[in-house]
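The two complexes that follow have chain A in common; it is paired with chain B in the first and with chain C in the second.
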Partner chain A sequence: MIGQAILVLGGLGLGFGILLSFASRKFAVVVDPKEEKILEVLPGSNCGACGFPGCQGLAEALAKGKTEATSCVAGGAEVTKKVAKILGVEIEPKTELVAFVACRAGIKQAKKKFKYRGLNNCQADALLFTGDKSCVYGCLGLGSCAKVCPFDAISITAEGLAVIDPKKCKSCQKCVKACPRNLISMVPRAQEVIIICKNRDRGKKAKEVCSIACIACRICEKACPQQAISIVDNLAVIDYQKCNQCAICVEKCPQKAIGVRS
Partner chain B sequence: MISNNMSIFLIFISAMMVNNILLIRFIGLCSFFGVSNRMETSIGMGMAVIFVMVIASIVSWLVYHHILVPFHLEFLRTATFILTIASLVQLEEMVIRKNSPNLYRAMGIYLPLITTNCAILAVAFLNIDYNLSFFKSIIYSLGVSLGYTLAIVMFAGIRERIELSPVPKSFKGYPIAFITASLMSLAFLGFKGLFGL
Partner chain C sequence: MKLKTFPGGVHPPQYKDLTKGKPIEDMPVPIKVIIPLQQHTGAPCEPLVKVGDEVKEGQKIGESKAFVSAPVHTSISGKVTAIEPRPHPASAKDVMAIVIEKNPESAEVSARPPMLHLGTPSLQTESWKELTPKQIKEKIRESGIVGLGGAAFPTHVKLSPAPDKKIDTVILNGVECEPYLTNDHRLMLEKTSQILEGLNIILKVLGVNRASIGIESNKQDAIKVMENAEHSYEVGGRDALHGISIEVVPLKVKYPQGAEKQLIKAILNREVPSAGLPFDVGVIVQNVGTALAIYEAVVTDKPLIERVVTVTGNGIKEPKNLRVRIGTPFSQVIEYCSGFVNGVSKVIMGGPMMGLAQYTLDVPVVKGTSGILVLKDIKEESEGPCIKCGRCVESCPMSLMPNRIGDYAETDNFDLCKEYGVFDCMECGACAYVCASRRPLIHLIKYAKSRLAAKK
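So, the complex of A and B:
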């Protein structure tokens, strides 16, 4: 009995062992050494901003030459340089973008219409009577963007405003999609002068809902020596190609709706 | 009790709903709480369990009836099944990795996790205990694994919703998850007596 038991169990173990060792030979997957090296230099946060399924997917595509070395958005110039070195290609520098929340109106500047006590996310708040903020374009401050940020770059201030740390932002654009108000946009990293408002109401109405809203007074448009600012839909827009960041508009804006990124 | 004389439909319903492996039998709870944070991961785990459970019960049934029974070594089944299932999952992983990289990426981390999932071993045992025929044991394991997927996906949905709710601080995280699971289990008790099962 004992002999049989040992034989059967041992035989099974041996059988499976042999089967597995053959299988590992037969089904071996040849991994490109480049792919492993690239995977090491990628950030590894699997944010998906490159459009591939995670860092592993991008590394595979890069190693096979299916995509360009600049594909990793989150890694920025540094990772691109390393990837290009592994692949042995030359790259042209690309303008780096960071996400920016275009609202600085806290409780003092834009009043609350009512006390919101529903689900703790901005989408739900925005659905309830267009949200609790008086300005229907403003930041609701419940942190839906902060929750999706894989790099912990977004924080909510005491005044109920989302603020993105440009040092931590890797421009994966997840927050851009998460914001129900479309307040977050990608701005060149070097750009310091930014319109900090998305209010498209006419002057008087904009002033009623928020004390620092853009009222489309066109002072900045006229003051800009580069003619980089234009008013579109009652809202000032800066053409980043033309802007030389002289910051004259920041001084001239009567509403302080144009600011310098902190 | 399930037996071999029951129709395929009854075995399937009994395995999936009436005797749901997670909510009525309380087997495989570690993964039930571990990977039910997000809907995506729970669906991935559910699919991997369906895949592994069906194949594991096929192989363990064959091993039991064609190797252990002829040698009168039924008492060795625990050790044998663990060995069989562990090697089987290894083999599956290799085959999937070679033949379908996309599926491998989707199941990736769940496959090795399942090797030690008690639900898989439990189904291999139950197939033997209920004296199920080869075909019916496949139906039974399919039912159990679909029941597992159903329960974990529903649980993940509820947990995702709870994340957004103002839960008292002392109940945050696992405590509220345990309460949820017990309420779900109570709800599943309602299936008792369905079709006389």
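So, the complex of A and C:
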């Protein structure tokens, strides 16, 4: 009995084995060895920030020369360097960027206009009189950005504010698109002195809606020894090229709307 | 006799007794008005005045070159004190508005001065018949008339169907299916002949000789008055009615009987196709208030600077039907009705089903404000998950599946929302009203629509 079973199963195994080895040679798909190598060095989080369908898709495009070696945003300089080495190209180092939420006014500083009861989602909140926050530029704090972040870098504080951990941020920019108030912008990773407000109301109105909003008083503009700050449309803007991060503006700002990013 | 109606729908309590017996009262002219430059569906107006200008009651102060738009007029005489974005009761964003204040010395708050240069007919009552349809439409546009049922669609656009669409019937909408509201009801009782004359003007513009007046059967007095008036027209043998047949159709009391598509289905048994308009089935629907505004504009040259607003609800001390100047802040209207009772939790513009909750009383009465509803002690019920009971599907007057659309909106599957007909939804709120789990279905549907619109 046992002998028969061994014979039958062993025979079947042998038969299929021969068939499979034959088929694998006959129908083999030629894969560019570069593609495999690139896929190995990519982060593998399939965040989609490069615009290709996952890391596999990017690896294929890179191997075929359809896109540039710097395409992987999530991987940063390290991955780019490795990819360039595999592809045998030279690349210039890019300034590394990081996403930043330009609002730090919680419920204490910017009051709620009304009690919002609805979908836990900033876009839905913004449908009702532009949202429940008194400041129409500020963070709604319902976490639409946190939901799309593939790297778990965004958290919502008890005050109702989105905060991005720069250590975890891979600059995929998904949150930038998710925010209905365009509050999130990409800033150079090395830039620590930063305007933490997007309020473009005139001074009086700005103060009415938020106790720590930029009131466009121009004190920072005058104080900056590098002339790196200008007031554009009732809001202070830093020119990162000129700024040497002396932080004098941080001291001078009466509203504390300029801060040092950790 | 079995009353006509449409499939689906719900039966919310009416609460119309609060105001239905109260004649329309003229509210004193306010000393300050806020006139938003967009009070209609379509392109916003550009201001025609500057800060500091003196304006006279009825003067046109905002205009747009676009066809789908309606000019705005000042409802009081005074000085322009500001042109800036102000909160708007029906808009997600603040809207540019012209603020006009009366001169303090000439401020007569107590008495309502007669509209001297507006009320007197510039035409003999009958002589509008000599105007061509084009001239009438021009007059309607110049007077800034929009649909007064709530959607505020410019009336001259509605009266200009594409030439290939053959219109055979006009429906006058006196249904007023929203609970609480009684402004159309009162107008039908008090301005019967003017409304019918307005209907005649509409018929002349469109070259149609058949009209139906749809009224819910809970307004028996209005049905009777309308029928009598219409008979007297026929008996009197007025020229305008030669060969014209007007029929009053009592309808079953059911929400949303007054929605355009449901009204057409009930009266004519015609179904407006998906993404289509009443034009497509040869019908034009006009609200009774709009018919009155058309009469006033064409016969007495009065622009749309006031409207009837039902101020009601258990949170207001004296519910009233008020004729209010456009631009009067809600706070003043509420003050005139002796203010709030204790424990008010919500102020809604419109009725309880489709109305919009307001966060500030600084918003003005606009052309689309049919009511101000003040509710107290609203229980905050928490929502639960969908239990698939199917009540929303049963109640949907458009035969949609609100449960599915809601689920897909919640999980950001907007393409599936579209597939399930989210754009056919008119946001009547019947589904959310019957939902056993208190799911915010209209919120979800509006959210899906906005996300789909943003994608385009």
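A few remarks follow.
Operating definition for what follows: the second predicted complex is superposed on the first by the 234 of 262 C-alpha atoms of A that agree within 3 Å, B and C clash if a C-alpha of one lies under 4 Å from a C-alpha of the other, contacts with A are read in each partner's own complex, and residues count from 1 in each chain.
Everything that follows uses one rule, which is that a contact is a pair of C-beta atoms (placed from the backbone, for glycine too) under 8 Å apart; a residue touches a chain by one contact, two chains touch by 3 or more.
In this text, all values refer to a predicted model and were calculated from it rather than measured experimentally.
When both complexes are overlaid on chain A, the residue A:57 reaches chain B alone and has no touch with chain C. The partner of chain A that touches more of its residues, comparing chain B with chain C, is B. Judged by the touch definition given at the top, the superposed model places A:130 against chain C, while chain B stays out of reach. Of the two partner chains placed around the shared chain by superposition, chain B is the only one that A:29 touches, whereas chain C remains out of contact. Using the contact criterion defined above for the overlaid structures, shared-chain residue A:12 touches chain B, although it does not reach chain C. Of the two partner chains, both chain B and chain C are touched by A:119. Across the two superposed structures, the residue set of chain A contacted by chain B and also by chain C is 119, 121, 124. In the complex of the two chains, the chain A residues touching chain C come out as 113-114, 117-119, 121, 123-124, 126-130, 136.
Within the complex, the chain B residues that touch chain A are 63, 67-68, 71-73, 76, 79-80, 83-84, 87, 90-91, 94-95, 97-99, 101, 105, 164-166. Chain A meets chain B in the complex at residues 1, 4-5, 8-9, 12-13, 16-17, 19-20, 23-24, 27-29, 53-54, 56-57, 119-121, 124.
Chain C contributes residues 87, 92-94, 357, 359-360, 380, 410, 440, 443-444, 446-447, 450-451 to its touches with chain A in the complex.
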